[in-house]
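Please find one structure pasted underneath; my questions will follow.
Labels A, B, C, D and E are assigned to the chains in the order they are written; within every chain, residues are numbered from 1.
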Amino acid sequence: MFKKLIEESTGKSPWLFHINAGSCNGCDIELVSVLTPRYDAERLGFKLAGSPRHADIVVVTGPVTKQSLPRVLRAISQVPEPRCIVTMGSCPQSGNVFRGSYSVAGPLSKYVDVDVDVAGCAPKPEAIIDGLALAAKILKEKRGRKK
Amino acid sequence: MILLNYIAAFFLIGLGMYAIVTKYNLVKTVIGLSIADYGVNLLLISIGFNPGGTAPIFTWSELDYNSFFVDPVPQALTLTSIVIGACVTAMSLALVIKLEEQYGTIDTRQIRRLRG
Amino acid sequence: MDFPFMKEALSQLFSKSSCAMYPAVPSEAAPGYRGRIIYHPERCIACGMCERVCSGNAITRTVEHLEEGQDKITLTFNLGSCTFCATCADFCAKQAIEFTGDYHMVATKEEDLLVSGSFIKAAPKKKAPAADKSQGCQAPASGGPTVKPRDDGKPVNDPARCVYCTLCARKCPVQALTVDRAAKTWTLDEDKCIACGSCAQACPKNCIII
Amino acid sequence: MNMLGNILNYQHFPIYAIMVLFLGSFLIAAFGENRAVRNVLALLSITAALGFAVALVKPVLLEGEIISYWMGAREPAGGYAIGIALEVDALSLFFALLVATAVFVSGVYSIQYMNRDHNEKEYYTLYLLLCGGVMGMVLSGDLFNMFIMVEILTFAAVALTAFRNTVRGAVEAAFKYLVVGCMGSTCILVGTAILYAQTHTLNLAQLAQLVPGEVNTATKLAFALLFVGFGTKAFIVPFHPLAADAHGAAPASISVIISGVLTKSGIYGIIRITYFLFQSMGLGTVQFLLVFIGSLSMFVCVTMALAQHDFKRLLAFHSISQIGYVLTAVGLCTALGVSAGLYHAINHTLFKGLLFLAAGAVLHETGTTDLNKLGGLAKKMPHTTVLFLIGAFSISGVPPFNGFASKWMIYQASYQKAVESGNIGFLLVTIIALVTSVLTLASFVKVSHSVFFGQLPPELENVREVSWGMRFAMGIFALLCIITGLFPNLVTAYLTEPAAAAVFSVKPYIEAMGFDGSAAAALEGGSFQCVGAWDPVSWLLVLCIALLAITIVAVAGKYDNVSRCRLSTVEDKYQLFYGGEKQELSQLGGDDLFWGFKHNWRAYFNYMHRLHSGIVNDYALWAVVDLALVTLFSLIVL
Amino acid sequence: MTIVIEALQYLGYVLIFPGFLFCFLAGMLLCGIDRKLVAKMQKRVGPPVLQPFYDFFKLCGKETIVPAAAERITFMLSPLVGLAALVVIQLFIPVFGFTAFSGIGDIIVILYLLLVPALAMILGGAASGSPYAGVGLSREMVTIISCELPLVLVLLAVAKTVGSAIGTGLCFSLSEIAEYQLVNGSLITKISMLPAAAAMLLIIPGETGNHPFDAAEAETEICEGMLAEYSGAPLGVFKLSHAVKMLSLTSLFVALFLGGLGTGIMALDALLLFVLCALITAASISFVHAFTARLKIEQIFKYYWTVVSLLALISLVLAWYGL
């Protein structure tokens, strides 16, 4: 029973940890707007956590600069299993306009397995909700696979 | 006459306290302690003094209700007190020497590493 | 102490929320929203303008040589690298790139974010794919052109207005134009020209006529 | 056989208890060159002292007998006490037990704690002198002997404060202590002399018989002098800076004696003069004096402690704060109040001893007590940490440890007093006591965070747990802390209530020595009755059941799904989360941890900081002003 | 035989009714209601009422990481101790006429027991070694200090009022306070108790660490402070403790001021208690949350020691003079 409760709950309460890896702030603002009354992701159980230790989903924005790379990787490794990594906006997926810059180490998928990509520059809040819902589903699957 | 003793005793105690409170020299502080101590000794002796009494040296058989002597107890107290006073002076002077070694001064205003 | 929203909070308790219940209630993007790219290979002439103007390096063009001098040209738009600025669409002379209101660009694999299309381009021919002429071409300036347009869609220069700024030559994707400022000459290598119309668009004096 | 029986008669035990300590001291001075001999002698004498004190429990505490012992069998002649007397009633024995326990544990601790110092022989000589002085003082039935013992213990304490004279400020602290301590001793002597001049006796019982009938300017002055003199020994405000200085420099085992025992001797003296000699506790004004000074000590010292960043100095201020609790409770003059105060006195000796020993253990291993330089020792010294936490919980009054039981009684006593007397001032005392308790908790949170938890500075990487002997000594205190916390009924029934009853029975005290006690004022303490309910054993049982149930449920719910670092190099995953460089040490300094609190009180804290200037003249001035104020007070109201 | 039955009965108290199970369900529901209400007041839909349950069970399924710098035993044990202490508090607080364990604790014990969960959290945070935890525990401690003074005043005022009414002068026993209210009506009907009740309402969010007094757990500034290094089940237990603390404080309010509403039927009483708790949560936690911004720590201190303490003091003085 306990196992089932846990499995059921895993998809219903995904907590986010947001890492800004050199983002221009566009995606960050959009992510915050997802929590505003207009979109209110909390009704789906989403919540912004303050520490990676609390999080289920890591949302990375920005092109992953060289300076931020070790910290991003450290923060991601500190998220307890099962976890799900979401890249938000084009930057972490490819580097976008910053690609090829001397200071950009991205894309993120070179270093960790990215679960969900949300494209857009910046993505529309609805797209973010889509992406997070997909991440929550993946989370639940991972949880089910583990047991 | 004995009143003068009391006044002198309290004056000495007061003087000692005054020295401790107002003098910033460690040695003067020690002197203040000694002066206060002498004041106490004087007070003790004065308490035991009976005008016209003899020295309190008796054997059991000599003692009767007519013998008139100064109170021996305060004298014993005074002796103890003098000994203690000497100890205080010795100890405090030893500490003053150590302080001078460590701080290079005997000014109390500069010996204040422990504060707040 | 002042609590300006105290009453507001109370009144909201008994009124309807302002949530857009998104996943349950589908939501349309606003008009003019630049979402997922649709690429129309049949209109494309592979001029490469889009690739050149793309700031995010999202567009790649691959050329595959087939027999008979035909090339299979594939354009791939990586949405994961796109800034959705629509400059490519603006620059496309042939309207081959279209931005739609579809914002559901969520993928678990990077390949899902690629939009690509390919077409086969024959060796230089007389006929070029028909394009909407009224669009790519600027309206003639007052006074009218002094030269007649060609019928194969390739450019003609109007020497009366040309100032030999060389912008057209720089914009030409296939280096078919040579402009010499000193000698004041404008020459077109007709074999190279693909009739994309970029020169006409680039011309500040509207002296190139297609 | 008869002689042996005579020697082993418990009537002689009080003098034995004092003498073994002094004897041990002299023997060590004479034969203490060898380390083993020295340790055996020291252990023997402290164990014997403890044994004699415990042997007196049955006749004195349980059966209520008052032992009167005349040295050389010189009984009073002609209605006047000539000989030197020991008088042991329940109150004396209560304090003697405290002394013996603390001395025993601290002695056991010293053996390994002092092994890195030179001059151990002198240490034990002075140590046993100090202990004998305190023991003699609480068992003495003679005011002048009390003074002598006070002088002995002051001397020994001063010498021991300066014992590690290379430690920062040790000599300075000793000198300040000596100056102000001697002023206090002088006050006691002058007070004694004045009382002698008025009554021609030095025997406490006879003084108690004669003094209340002879209230004049001179005895009022004597009251003030004695009160201030014993106040110096208890380090109550305004003498608290001395305690802080002395504790910071003295070895930890001595701090235990100074805070746990020496201050108690001051409290004992104050109880004796207010309840017995002058029998003035019936006066609301004297109650006010004690409660006021107690509350002031309580609050001022706890705020001073919050501002400290030295482990032992902080503990020293807390020590005085807790003494403030004791004095306040004793000053309430109700059975519950006195009982609560004495209970807190026991607890204070135990938990403060434990805390000082823990601080000593930290100092012994790391070489520093600066809160800003320590951290993360819990991983290196797990047992010390647990023992320290027991002490910290006890002093902050976390149930079910002993500090809670006594504080709980103090709150009730003060609130009851407020309700009964209708004086809203006592209500303020309850509130101050409660707030002080929380502030105490706050500063111990600060200590535990900055010493035992948090991050380990790299230079403390090689710290090891202290030796078993030191842990054993701390363990005794910790065990006693828990026992006295769990069985408050037993403690009150067998220890504090008899002692509190003795406080209110002046007449038997006088009559035990063969004097006429009929004139003694009958102080009525009222009945001992708690208005609340507190049953720690049941509470603990319930807590354990709840904890067990929760643990079972938790473990079933994958609570033990733990992953931790098993490699020698720490992976990223097990690093702390913070946005800085990887290896950066970011331990929070203990200095200003409660900024949010201190910010609002910054004027007060700055003022207090300036006031505690560290200049000995200032402290002497405070003593003189205190003396003047108390004199004025007693001249007006007594 | 009777001993066995009695033991089972007490075990039932500890485990089921006012104990663990009730705490768990009611606390989580209160938390859910609070979140829903705040969302409503902010024009949002808000999470489902059962969301705290989802959160808790999800956290149970997560991996628990013990940082290398942490002291493992303290780190793992402190959440459980904190929760156990809260459950015990709940056992001491009367449910109108019924108290599970009446003879072993009183107001002051409650006052001190309320420190235990906070202390457990502080020690757990300190044991984790995180600098954020250091900042968090400092703020938490200051918040405790802030709340302590007004809470003491409120409790003393109640003790005085009931004590002078029943003739003993003062009364620290909670079950006696509850009985008095059952006979003589709720204390909140007395004028002297109104400021105390108001003060208590303001204390509740501070004690539970709810918005706007949550400087100690500010997730945007200091990564949830003491909880920064907690993950998985221990974190879930802390979240549960927070929920139970809301229940404890609100039911303490009910016991102190609304004790006269009891019906005498236990099931009904339990339901009534829960409804009242939910109402108080709505008034004191959710409502304040909805329209305030987080206070700085020194503002919290100032606020509690001036405004709230003054309210409580007025009440105490009124009670003192028998109004």
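Here is the rule we use: contacts are C-beta pairs under 8 Å (C-beta built on N, C-alpha and C of every residue); 3 or more make two chains touch, one makes a residue touch a chain.
Everything numeric here is computed off the predicted structure, so don't read it as measured data.
Visitor: Common contacts of subunit A and subunit E?
Guide: Chains touching both subunit A and subunit E: C, D.
Visitor: Mind naming the chain pair that shares the most C-beta pairs in contact?
Guide: The largest set of C-beta contacts joins the chains D-E.
Visitor: Select the chain whose centre, defined as the mean of its C-alpha atoms, is least distant from the mean of all protein C-alpha atoms.
Guide: Of the chains present, the most centrally placed is E.
Visitor: Per the centroid of Cα atoms for each chain, what is the distance between subunit C and subunit D, given in Å?
Guide: The mean C-alpha positions of subunit C and subunit D differ by 87 Å.
Visitor: Between subunit A and subunit B, what is the separation of their C-alpha centroids in Å?
Guide: 82
Visitor: Taking each chain's centre as the mean of its CA atoms, how far is subunit A from subunit C in angstrom?
Guide: Here subunit A and subunit C have centroids separated by 32 Å.
Visitor: Where the CA atoms of subunit D average out and where those of subunit E average out, how many Å apart are those spots?
Guide: 35
Visitor: By the touch rule stated above, which residues of subunit C touch at least two different other chains?
Guide: Within subunit C, residues 17-19, 21 contact more than one other chain.
Visitor: For subunit E, jot down the residues that touch at least 2 other chains.
Guide: 39, 42-45, 60-65, 132, 223, 228-229, 232
Visitor: List, in ascending order, every residue of subunit D touching at least 2 other chains.
Guide: Those would be 557-558, 573, 575, 577.
Visitor: How do the chains pair up in terms of touching? List each pair.
Guide: A-C, A-D, A-E, B-D, C-E, D-E
Visitor: Quick check: in the complex, which residue numbers of subunit B touch subunit D?
Guide: Subunit B residues touching subunit D: 13, 17, 20-24, 26, 29, 33, 36-37, 40, 43-44, 47, 71, 73-74, 77, 80-81, 84, 87-88, 91-92, 95-96, 98-99, 102-103, 108-109, 111-116.
Visitor: Spell out the residues on subunit D that touch subunit E in their complex, using ranges where they run on.
Guide: Subunit D residues touching subunit E: 376, 378-379, 382, 385, 389, 397-399, 404, 408, 411-412, 415-416, 419-420, 424, 427, 430-431, 434-435, 438-439, 441-442, 445-446, 448-449, 452-456, 531-535, 538-539, 542-543, 545-547, 549-551, 553-554, 557-565, 570, 573-578, 586-588, 593-597, 599-600.
Visitor: Which stretch or stretches of subunit E touch subunit A in the complex?
Guide: Residues of subunit E touching subunit A: 35, 39, 42-48, 51, 53-58, 60-65, 132, 218-220, 222-224, 227-232, 235.
Visitor: What part of subunit A is in contact with subunit C in the complex they form?
Guide: 37-40, 43-44, 90, 93-97, 99-100, 109, 115-121, 123-127, 129-131, 133-134, 138
Visitor: Show me the residue ranges of subunit E that touch subunit C in the complex, using the header's touch definition.
Guide: It comes out as residues 37, 39-45, 287, 290-292.
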